[in-house]
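Next up, some structures in structure tokens.
Below, chain A partners chain B and then partners chain C, in two separate complexes.
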Partner chain A sequence: MTIVKKSLPYLLAVVASFVAAGIFIALMGFDVFKAYQTILFTSFRTPNGFIQTLLKFVPLLLLALAFTIPLTAGKFNIGGEGQMMAGGIGAAAMGIMFADLPAILLIPLVILGGVIAGALWGLVPAWLLYKFNINEILTTVLFNFIAFFLIDYVCTGPWRDPAAGHPTTVLIGRGGWLPMLINNPPLHSGIILAVLVAIGVYIYTSRTTGGYELVATGANPRAAGVFGIKTRRMFVLSLVLGGAVAGLAGAFEVAGNQHRLIEGMQSNFLQLGLIIGLISRGNNGAVPFVAFMIAVLEVGASAMQRTMMIPVEMVFIVEALILLFVLLSDVVRRK
Partner chain B sequence: MDTTIIDFLRLVLLSMVPFVLAGQGTMLGGRTGVFNVAQEGMMLVGASVGFLVSFYSGSIFLGVIVAMLSGALFGLALAYFTTSLKMNQFVIGLALFFIGLGVSTLLPKLILGITLTPPLIPTLKSIPIPLLSQIPFIGPILFKQNILVYVSILVSIGLWYFLFRTQKGLELRSVGEYPMTADSLGINTTKMRYWSTIIGGMLIGLAGAYLPMVYAGTFTEGMTMGRGWLAIALTFFGGWSPLPILYGSLFFSAIEVLAFRVQVIGSFLPYQILQMFPYVATILVMILTFKRARVPGFLGNNYDREKRSL
Partner chain C sequence: MEDKTILELKNVRKVFGQIVALDSVSFALKRGEIHGLLGGNGAGKTTLMNILYGLYRKDEGEILLRGQAVNIQGPRDAINQGIGMVHQHFLQISNFTVLENIILGTDVKNKYTMKMDEEVIKVKELCQRFGLNVDLNDVMSTLTVGARQKVEILKALYRGVDILILDEPTTNLTPQEVDALFESLRVMVNDGLSIVFITHKLREVLSVCDRITVLREGKNITTLDRKDASEEVFVRAMVGEKMDIENSIYFATEERQAFDQTSVEAPKLKLENVNLISQDAVQRLKDLNLEVFGGEIVGIAGVAGNGQRELAEVVTGVVPVSSGKKIYLGDDVTSKTNEDLLSSGFSYIPEDRLSDGFLPKATVAQNLILGQHRIKPYSDGRFINWKTVYAETTKNIKEYNIKTNGPGDVGGNLSGGNIQRVLIARAFSMDSQVMVAHNPTRGLDIPSMDFVYQKMLSRREAQMATLLISEDLDELIRISDRIAVIFRGQILGVLKRSEFDKYAIGRLMSGITSENQPSEEKTLP
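On to the complex of A and B.
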């Protein structure tokens, strides 16, 4: 009963945003029902669509967690994209340098390379916050841009694949490819690890002492400090953890999907990760469900652009409205 | 050699405008305690809307006005959610950033259709000021610029005068320092926060509109390239004061122009490293200045007059 009561505002928010966006789509002169049918059911109509959705779900879930883990401690990590790219670079570096290793060694190496690179990319802003008290929103964003040019550099540098038109590196060693769960259409096993990470994050933040310290820091840093929690260290820890999770997403893109580093592979994951985190209102347990919903919408939206010539960004109106209504439902509840 | 220096300085002044306007907009909101982090999205909307309106109406002036109105709308939303509904400023700011990012790409796609060759608008002409532009060296740098360069400098000076030389300005600043006291003195803190955020939003929208009107002649996705975020850094760098922000933006713009220039001339460094330079330099600057930065006391907080303490 409480679950129904708790999720009711969300359901209302989703329905309201679909109705509001539907009016807008109709005003633009498109067929609303056909558009929504495509958006909502593309993922479930064919196996291919469903696997597309799962493939999208993995980076979205991880990038949303990269935002919500620091948010648990009251810090805003807008650098998920940069951390993901750093992770991609780390993973590709391992996969190319140790290309001859067997899978049993190379896969962990590639994943670790990604996680560590992502964590380092989160560590620098965290350190700047710890040492100089520089606002983390600013530094994490700036590190996105630095990573963006770094990935371009790596993709045009010595590892460049001369055969490719777009800046890309050569393939990583065959041993570094993630095993496939399904071969055709391809679904890599990273999704299992991603879900495990999500469960781990949830347990960590809601069931362990360390996680509780994070939550306490986020809820009221002053009170937490009085009770002996080293809040500034908690800030650093949360940002580094967030970076590591984003780095994992980068490693998966390299080891699971592309098997190489590609300039521009980050897509719009950052914005979507942000909106998932905000719709979940920082609740780590809600993130996987919201991430899946957004993945469904995104896959449906690109199908809609292909078949109905409605711009993909239209779905973003739906997403933005969901966020708005969820935030507003908070205000209503407070009153 | 002399002409290259003149050229360089002219370009620095030309590229300073988005920084100045976005920085002053951020500062104005912050002076009443509203910490805006949606600049990047707001600038993109300003750029997108400004470009579209200029293209269809054929009037850059109209484009500028509509871009400012769109910025004002975002400012109003920010003020409403934070000041009236007392919601977390960063959450709302990020949500607005997201919305701005989406709207800015959606609008051209809806209106122009999905095209590979976007249409162009004429870029702003430079307006030489008679007599003054004849002064050697200084003339071509300072007085042969487009109108928004002059506007941005005047806005900065005007804001300085308003904030530090008028009664209303003092009241506005007091809202951002300690709203409880301001409130007890009969200052309408809500109204102050609304107006400062809305006018700040206008300036940020104008900063965005400058990009297609001066650089590219068209709108491209994500064309702000992080300038909105750099503007926040600039505001801290300038200690949330109009004139230091104006000087600081010269510095930010010089780095940008320099990185671009060196890239064109070519150097021993890979071009990607040069492109990173503005962002790295910003972080270094922040390390050097952040600790000493004067920040409005109530920055990032919402004031609830019905609560007993802040």
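On to the complex of A and C.
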């Protein structure tokens, strides 16, 4: 009963946003029902569609967690993109430098390289916050730009693949490729690790003493500090954890999908991650489900563009509307 | 005295969300009287007066001023109608002078030159007439709370009000200042003003008011003439039928046995020459020495802002001392942090419950374990045992009478009094060797206050140490074994229970010790 009651505003928000976006699609002269059919069912009609959805789901889930973990402690990490790129660079560096190592060594090395690089990208803003009280929103955003140029340098520098038309590194060593769960269409095993990370984050924040301190810090840092929680350390910890998770997403893109570092691999995962995190209201347990839903929409959107020529941005509008309506339902309930 | 009603509120009703704050309350004020509005916290006294002053909109009922129905939209309206209000928290600009504060927002004749000779004459005349002595050129921030209150009253009088509402005016005044205030009030009513005096302190209304209206839980209980009723009648009206007054501590009259210091060898907590210098290089605590024994309640009296908060935070380890020593059960714990102290037998009820003590976004259960979340039975150091936490929380909700939907309810849904109960439950539910309680009964109704006192006394029975820091002198006298008076970060004196005297404590609270008494007395107005 209470679950139904709690999820009702969400359902209403989703329905309302589809209705609102439907009006636009109709005004543009397209068939609304067919468009929505494509968006909602592409993922489930063919194995290919479903696997595409899962591939999209992995970075979305991780980027959303990179936002919600620091949010649990009351900090805003808007640097998931930069941390993901840093993770990609770290993973690619390992995969290229130690290209000859066997898989049993190279895979962990590549993944660790990504995680550590992402964590470092989160650590610098965290340290600036800890030491000088510099707002983490500002620094994490700015670090995205540094990562842009770094990835540009790496993809056009010594590791450049001269045969490619787009700024790209050479392939990483064969041993660094993530094993495939399914070969055709390809689905890499990173999804297992990603889901384990999500479960781990949920257990950490809801069951452990350390996670409690994170939650308490986010709920009221002053009171948490008065009662013996070292809140500034919690801020650092949460931002570094967030960076590490985003770095893992970067490593998966390199080791699982492209097997090389490509400029532009970050797509618009950052914005989608923020939207997922906000729709989940920072609840780490809800993130995987919302992330999956958004992945379905995203995959459906590209199919819709292909078959019906409706611009893919339409779905972005739907996603933004869901967020708006969810936030609105908060306001309405408070009245 | 002229027997004429100047102001009447009829069947006023006000609902906040689900809570009925005022349920058909009526109130009549006569010209030239001091009318006490008496009730515990949450009785609706302030809400009623805020409606009159235009700060809240009433849901039902009407206001009759001099026989005519009026619609007051805001404080400006109220002042134009001749109603002034002095809030519990003063609304003043601290780096302005007294005069500037008084005339702020009124029309000054020489707007561009700011020559205010006429205004000065008018204010000075008011000061003299009502015995409110303040120097008009003093900067606000240098004044004592008592003087700042005079300014607040002058502000209302300057605007020509003839009805004055005072909301808990004696909070933070020394007993001497209270007496002076009462004298001024008497002069004002003799001059034709009418005064509403909001308070929860029974003795004050009995000593100054002509008529008394008692509110409880948003309802009118009774209105009586002072001379027609005894203290017992008012007590019963304030607390209702349910409370056991005979065994209460709040209304206790008989003398309690004072703590016998000889029976215990060493204090549980000892502060030696503790100094605290804040980040902006201000000395907050100075050469402070204090001992709290097991089985003892030590009260800290003082006007707010004299270092009480700093003392509490130093004892609990929230801030480190600048110099000096802290000894707990014989061990030097000077360098221990609050994390260590809270896990090794300290508990803390902070003064500012919303900012320092509560997690509004977390659940009630999460709130109850704050500070004890690392130790058994709530945690094994790594994982929180939520089953135990929820069971304990459910128990505490019942025992401490916390009004909530359950352990999983979000803290932000709780009212102020219930938030305070959560803080009290958190501190008392663990058997702490040393408790620091800073204004623990703020926002509680009388039965709940009494409950806290019972709990404190049972701590005393169990040979635990309690440091009670309070702005309520009556509370300290009621329950402490010793009272230490703090003034500008220094302990000016420690009194035993047998030596408790309101006026002696009041003198210390305003910084007058026997050594400097003659010279200080001269500088006082």
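We take it that the second predicted complex is superposed on the first by the 335 of 335 C-alpha atoms of A that agree within 3 Å, B and C clash if a C-alpha of one lies under 4 Å from a C-alpha of the other, contacts with A are read in each partner's own complex, and residues count from 1 in each chain.
By definition in this document, a residue touches a chain if its C-beta (ideal position, glycine included) is under 8 Å from a C-beta of that chain, and two chains touch if they have at least 3 such contacts.
The model shown is predicted, which means the values in this text are computed figures rather than measured ones.
By the touch criterion stated above, A:V215 is placed in contact with chain C alone, chain B being left untouched. Using the contact criterion defined above for the overlaid structures, shared-chain residue A:N135 touches chain B, although it does not reach chain C. Taking chain A as the reference chain, the count of touched residues is higher for B when chain B and chain C are set side by side.
In the superposition on chain A, A:I229 contacts chain C only, with no contact to chain B. When the two complexes are overlaid on their common chain A, residue A:F316 makes contact with chain B while staying clear of chain C.
Legend: residue contacts after superposition of the two complexes on their common chain; A:L123 is shown touching neither chain B nor chain C. By the touch criterion stated above, chain A contacts chain B in their complex at residues 28, 76, 78, 128, 132-135, 137-139, 141-146, 149-150, 152-153, 156-157, 271, 274-275, 278, 309, 311, 313-314, 316-317, 319-320, 323-324, 327, 330-331.
Interface residues of chain B facing chain A in the complex, by the touch rule stated above, are 37, 40, 81, 85, 87, 90-92, 94-95, 97-99, 101-102, 105-106, 109-110, 114, 225-226, 229-230, 232-233, 236, 270, 272-273, 275-276, 279-280, 282-283, 286-287, 290-291. By the touch criterion given at the top, residues 313, 316-318, 337-343, 348, 350, 355-362, 366, 369-371, 373-374, 379, 381-384, 386, 411 of chain C touch chain A in their complex.
Here chain A touches chain C in the complex through residues 207-210, 212-213, 215-216, 218-220, 222-230, going by the rule given at the top.
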